[in-house]
Amino acid sequence: MGYLAEECGVFGVYNNTAIDSAQMGYFALQALQHRGQDGAGMVVSDGKHAALVKNIGLVTDVFHPGELDALSGKKYMIGHVRYATSGATNVLNTQPLVMRYQDGFLALAHNGHLVNSKALSRSLRDIGVLFQTDMDTEVLAHLIARSHAADMPGKIAEMMAVVYGSYALVIMDRNHVYGVRDPWGIRPLCIGRMENGTYILSSESCALDVIGAQFVRDVAPGEIVSIGPDGLRSYPQPQRSGGGICLFEYVYFARPDSTIDGVSVYESRFRAGQLLAQVAPVEADIVAGVPDSALSAAQGYANASGIPYGDVLVKNRYIGRTFIQPGQRAREMAVRLKLSVLRGQVEGKRVLLVDDSIVRGTNSIIIAKMLRNAGAKEVHMRISSPPVRFPCHFGINTPNQKQLIGAGQSVEDVRKLLGLDSLAYLPLEKLEESVKGSSCGYCTGCFDGHYPMNLAVCRRKCALQPKTKEGR
Amino acid sequence: MGYLAEECGVFGVYNNTAIDSAQMGYFALQALQHRGQDGAGMVVSDGKHAALVKNIGLVTDVFHPGELDALSGKKYMIGHVRYATSGATNVLNTQPLVMRYQDGFLALAHNGHLVNSKALSRSLRDIGVLFQTDMDTEVLAHLIARSHAADMPGKIAEMMAVVYGSYALVIMDRNHVYGVRDPWGIRPLCIGRMENGTYILSSESCALDVIGAQFVRDVAPGEIVSIGPDGLRSYPQPQRSGGGICLFEYVYFARPDSTIDGVSVYESRFRAGQLLAQVAPVEADIVAGVPDSALSAAQGYANASGIPYGDVLVKNRYIGRTFIQPGQRAREMAVRLKLSVLRGQVEGKRVLLVDDSIVRGTNSIIIAKMLRNAGAKEVHMRISSPPVRFPCHFGINTPNQKQLIGAGQSVEDVRKLLGLDSLAYLPLEKLEESVKGSSCGYCTGCFDGHYPMNLAVCRRKCALQPKTKEGR
Amino acid sequence: MGYLAEECGVFGVYNNTAIDSAQMGYFALQALQHRGQDGAGMVVSDGKHAALVKNIGLVTDVFHPGELDALSGKKYMIGHVRYATSGATNVLNTQPLVMRYQDGFLALAHNGHLVNSKALSRSLRDIGVLFQTDMDTEVLAHLIARSHAADMPGKIAEMMAVVYGSYALVIMDRNHVYGVRDPWGIRPLCIGRMENGTYILSSESCALDVIGAQFVRDVAPGEIVSIGPDGLRSYPQPQRSGGGICLFEYVYFARPDSTIDGVSVYESRFRAGQLLAQVAPVEADIVAGVPDSALSAAQGYANASGIPYGDVLVKNRYIGRTFIQPGQRAREMAVRLKLSVLRGQVEGKRVLLVDDSIVRGTNSIIIAKMLRNAGAKEVHMRISSPPVRFPCHFGINTPNQKQLIGAGQSVEDVRKLLGLDSLAYLPLEKLEESVKGSSCGYCTGCFDGHYPMNLAVCRRKCALQPKTKEGR
Amino acid sequence: MGYLAEECGVFGVYNNTAIDSAQMGYFALQALQHRGQDGAGMVVSDGKHAALVKNIGLVTDVFHPGELDALSGKKYMIGHVRYATSGATNVLNTQPLVMRYQDGFLALAHNGHLVNSKALSRSLRDIGVLFQTDMDTEVLAHLIARSHAADMPGKIAEMMAVVYGSYALVIMDRNHVYGVRDPWGIRPLCIGRMENGTYILSSESCALDVIGAQFVRDVAPGEIVSIGPDGLRSYPQPQRSGGGICLFEYVYFARPDSTIDGVSVYESRFRAGQLLAQVAPVEADIVAGVPDSALSAAQGYANASGIPYGDVLVKNRYIGRTFIQPGQRAREMAVRLKLSVLRGQVEGKRVLLVDDSIVRGTNSIIIAKMLRNAGAKEVHMRISSPPVRFPCHFGINTPNQKQLIGAGQSVEDVRKLLGLDSLAYLPLEKLEESVKGSSCGYCTGCFDGHYPMNLAVCRRKCALQPKTKEGR
């Protein structure tokens, strides 16, 4: 049983009026579905009792009219979409977690990954604590429940003082919904508001647009905010230096219509493409992107280079959970089912293909071969981010370093492996330029190994006190 | 969120050989299915890792070939069938509970109901403990995990010292499966053995017969037993006076082919019927029982009275979860669907119908009317247990005292309400006579209000110490 | 693709008032569920349009509140429960069949088996008819649709003139529901009535009791009846000599609370047990039946012999669709799961066990061994019907003749094979005596090979005329 | 019960080698999934028996490992994806249809819509034919089965002689898989081949690419082809004048990576965009397309106009079957969930949005409003096809003519209704120019009302002869 790394989406509402929180959550979680397709859940409350629905699957698999009716009419709501990188995919490992503690119920939904969860869990178990799930989110819950602080912001602050890692959290108790962002600001979290005074917390601003809320601001690194009958309140905690938002949120992860820490995701990608054209020009007949996430960068490249932009690869929109039988033929068909080539766009042409990143390189090899088979005269590839050389420890599921094609070899070696006429990456300083204006710094760990914290030290950190009824 | 009262079934195996524990569990839990149809689960282990499958529904709904394959080949196994009397019927409230604690994993399956779970839960929450389910079983797990005792029998014993109520438990850790029976002996638990040294724990002996195991003995009130590589071991704890096995296990709950505390359930029912004929004779043309549980008593009545035995009511064997639309007609059809009358057995006759108990009386009214409509000249009813006048606090889901038809009125009043020509119950001392030879006493609480413990006192009992790493 | 033999249940309603036909059908089909558990369906109509719901599974699996709501409020209804003896178990092979033909829609539900369906199907296909299912019911539909008769009774009569085999049919068109019973009367069908003038057709009278209808009479062999706005009408067709109701309906198949052709099923079984005691007495300490269908005969045997009646075998009431893994141990557990022995009833005793029939004998061998293992001093078996020596060609799924244990060997040989101290069957003339008073004769084919028709001749019979628009 | 109009996809294989036909079908049907998401099915055969799996839902919902295993290892296969425009969505109305007829089994899968199916069905029912589904495909099956022609191509030809409407068919009998395209060529069908001599039939060429087959040629209007042990054979039937391929296949329906009748779908859309820029220029700051189908035309428009191309609308990729509760708010959230605006691309700009068509106009109104709300200075719309003014009678589900926004009013009126600064459509002659080189003509019915056949006359056409065993 290992702790699970995960990239997920969180959402919370304090609803000032009769508008239905569960309905808002149902649509908002679908807008965040790209952040996790393995599980979904919502818990709602009227301040006294909490009602929970969660399960494995997509939001539309988990919530049916019956479930939505059962959750309707409540003022407080938090929700979660889950991406499971390892461990058993069952309902016990979905979120929100809902517990009873000293002051009633406590519900949590978490996006991120803790660095010292093993040390904390071991210490907690040594003093008799039981763990019922495989999720490091449970560590956070125990720390909050065991705090002697007088109120919830104080309890959360005590938890934050001992936890290392990334977390964007929404927490619900009987009186408020809380939003919490780790002191490094690695995972995004923002605040929205509706005209009637309803407040929203969301991993990405795209979910605010869907439910018709206005963007207020991002939660600051280290900040606790509460939404409730007393409006929006802020409980800032110390920020930690050396951190910043995950650059991969801009490169690949977030939706292009989201704005994170003041920077539009679409525009950052378009700018990255423009910068890429400047630093790595090439003579080509057509510029195309690998759908969907690299299309913006390809448009930027075309814009800056003057080479015509056009579609070259088509993505199948109706791929469900395809069952792939063993065998080489079945695997090949599965790849061609996802992506196909527009032969007429490629035949006899020099093709410049923009992708957002290369991780293992397996897909890139297949795509280059598909373009050659379709008659491309030359195949050039430009990547709108630097080579991924180091694992992520903060919630993105990167493979073993040995499998990172950019980790152990030169760009020229990778070019040959992929069978390309040329290959170039966007340098890290240019990627940072593409997101300039972001309100906090950046985590560049997967590109340069400079993590926001000393992992070896942090992994051992653990300072827990037993809780007694009398307090300290 | 209230603590759930429940009557359930538990089962555990330490398997000495290659015989598959999950397969044995699959059949054994079906043999115990009458003890709970709301959920089922099994956890298996090879001593290091625990694998769990559980869900709502019947055993055959929860376990399919895929699940059984995933669980196969392990030496340790515990399982549970659940009857949910209240609270949310979802997978989070099914058993076994599986947790990680200081020494690896800890799994529990529980039949029974705790009297002081609220007080214990409140104390535990006061010192920072989180509760993730609605089941009082979770209190037991926290108490065991927080114990400073050196080994698992010691931890279980510490838990037993502070808990009041009924419990038959199977517990699994990395080295053993444990069986625990509360110090009053209210819920049954027995031990079986196969020729190869495989040991079994089961709520009822009928499950031993199904898997081909021999009955060894009942677990004694207050006893902890362990089964594992070191065979069967016993760790007796103090018994509590004034208790005993639940009489309703014999009257209605257990399967007739089970033997509990040395007394055959079938024979106890047959004897109860014989005694009933002695204390409450009547002139009748036919003796019949209400199927299925009262047929044994009816045969005993016929045997002792000399009146011919015959079937009068037929039970539909294929009733699934019938959806009953609103309306009087639908409700009536639903009752007639379950039970129908053999008109030819009844027409023009004096019918003596034996039932095992009357709780609310609603079914008895309908049955009496059905017999009259079918032409019965007289309808007499004999009940093979005393009137239920008090609620059960130990796991059987009795209704509110106001709804107990035997609670507030005389037998004559009840007779009139039910529209019977005569009505008689078996006196409590005769019921006790029917199970004489049982190795511990009896709980007669629901009949006479004499519970094995002072409920008001016990409900407040709570003596918890915080656990520290250093121990005491 | 072979034609499927099947034993099924049919039900139909013409509803004179606002009472909901679909709701009545929902309960009635559950009352007939013992006749088939592989599929269920209902079609309802207001006279213009037909709405159909059918699927594989139990009635309670197929119909949920949504389906029942969609079917509610209609005057006409027919339904079916299906037992699939071979062929693909999918929704395409469930009933009712609903078709469009010259005069609107035509819906059929069928219990029985045709002898000349292959010849008829071949002839129909030769003139261009398409078959879309594996069910011989489809032959009946094509014959009705192709008839030139002026009205539906006429069309049905033309069909009856060319079809050989057993059939109890309910048919719905825009104006009526029809009931049809084959001219030999092999399968049962009866008529019920409610006070408001609503008429019912049902395979067995037990379904009338459930919905609160009064039994009117059985449909006569060869009779067509219609129910509709013009009340109950009869269109008698020629009966065929040499036929009669299937004796196995009384022996095993029908529910004991049904009355078929004037004879109570329970009473016929009780009488068979009495006659068995006269012709095959034995000295024993206890008489018991194999549950559930042989309990009535065992009671009759005890009544006539004076030997005490008691339960010896217990049937598990909660057996779902158990998945049995390969291997001898799993198979043995599966048998013990279904039936278990009351050891105390058997130990040291001479046990007389009554069963209703022996087909392959496999179960009887296991039961005899279980009784010996439980300590029975002697095990005697009495069968309340003659040996099954011939296959059924009229809808009951009998195995290959080689597998019929009673087909090729003497009773003494069978006794040895089953490991019994004595064995005796009820002679055929005594079985006929047990059902005396039945309004038509009996089909004794599976006992003595005297089928109601010459199978070899009938199988070839086929006389079809092409239908032209002008008619003949 | 009405006949259903539908647009669907068909696929067939004769497999010369051990490569698994069901596996190929599984991937190919997913590649055709955009042609229908309401149902899917496959039937396979070894020449003797046919095995069918079909159900409602996506291909990945219908086929699981168990189903694929059951279908594996066969040489012949046909499959279908279904779009249900009306009528009951249940398994009885999915395809392929599999029937038994004179010469064994007959299986059909159909894309298209018949004009005279009612007249044919009435005539068939008048001579005793039964219809078991609501699909006009069943008419085709009856006509084939009733033909007196000596072989299957002859039977199909007889059918084609009396049927009016569109159809791309794959048919399987014991010896061959057949492909049939209606004599007007309205629906597409093409032939592929693998190196080992395996032949393929597919609605679109994109499915050939996925399974690794080479495109051979399109099936000609009126052509019957067979694939089987004797290779590819052609049985041309008379073409009908005045017809041609449906222009909407190019405009919207087909996948961009398909080539139909010699013209690349992507290129035809790009050209349509270029032509649109020529005939309807506008001053704008950005050209964008409505995703996904109008992006190609937008790129063509940008290419020809010199206005920069960029994304403006983002489509949510994870929309499942969203349940929309009643109420205006829920409906608005549902629209915003599907499409969102990139505010930074729009703010203060003159936006030129290209869409492929306007049918009802409801979406266009919402999109225009979303762009205005996001700060667009001007919103211009260009449509890469003419106004849809007439219903389609050949398989595309067009609404009632009253709901066609382009049917009764001028372009200026529509512009005002949609709230646009300017609006222009591509003229029909320019759309035809964009697909020039197509090997047969075009059906322009929905644009100009010139259908390939006289609908009023054809609807009455029916000339059926009764089939007798002796033949004519």
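Per-chain residue numbering starts at 1, and chain names A, B, C and D are given in the order in which the chains are listed.
One rule holds for everything that comes next: a contact is a pair of C-beta atoms (placed from the backbone, for glycine too) under 8 Å apart; a residue touches a chain by one contact, two chains touch by 3 or more.
Quantities reported herein were computed from a predicted structural model and do not represent experimental measurements.
Enquirer: Give the fewest steps needed to get from chain B to chain D, where each step moves from one chain to a chain it touches.
Expert: Tracing touching chains, the least step count from chain B to chain D comes to 2.
Enquirer: Compare the two sides of the chain A and chain D interface and say whether they are made mostly of the same residue numbers, over half shared, or of different ones.
Expert: same
Enquirer: Just the number, please: Cα centre separation of chain C and chain D in whole Å.
Expert: Distance between chain centres, rounded to whole Å: 48 Å.
Enquirer: In whole angstrom, how far does the Cα centroid of chain A sit from the Cα centroid of chain D?
Expert: 38
Enquirer: Just the number, please: Cα centre separation of chain A and chain C in whole Å.
Expert: Roughly 61 Å, centre to centre.
Enquirer: Give the residues of chain D that touch two or more other chains, as numbers and ranges in rising order.
Expert: Not one residue of chain D touches more than one other chain, so the list is empty.
Enquirer: Show me the residue ranges of chain D that touch chain C in the complex, using the header's touch definition.
Expert: These residues of chain D touch chain C: 1, 49, 91-92, 97-102, 105-106, 121, 123, 125-133, 141-142, 145-147, 466-469.
Enquirer: Under the stated contact criterion, what part of chain B meets chain C in this complex?
Expert: 19-20, 23-24, 26-27, 30-31, 33-34, 37, 58-61, 63-65, 68, 206, 209-212, 255-257, 264, 266-267, 270, 292, 295-296, 299, 302-303, 308-311, 314, 316-323, 325, 329-330, 332-334, 336-337, 340-345
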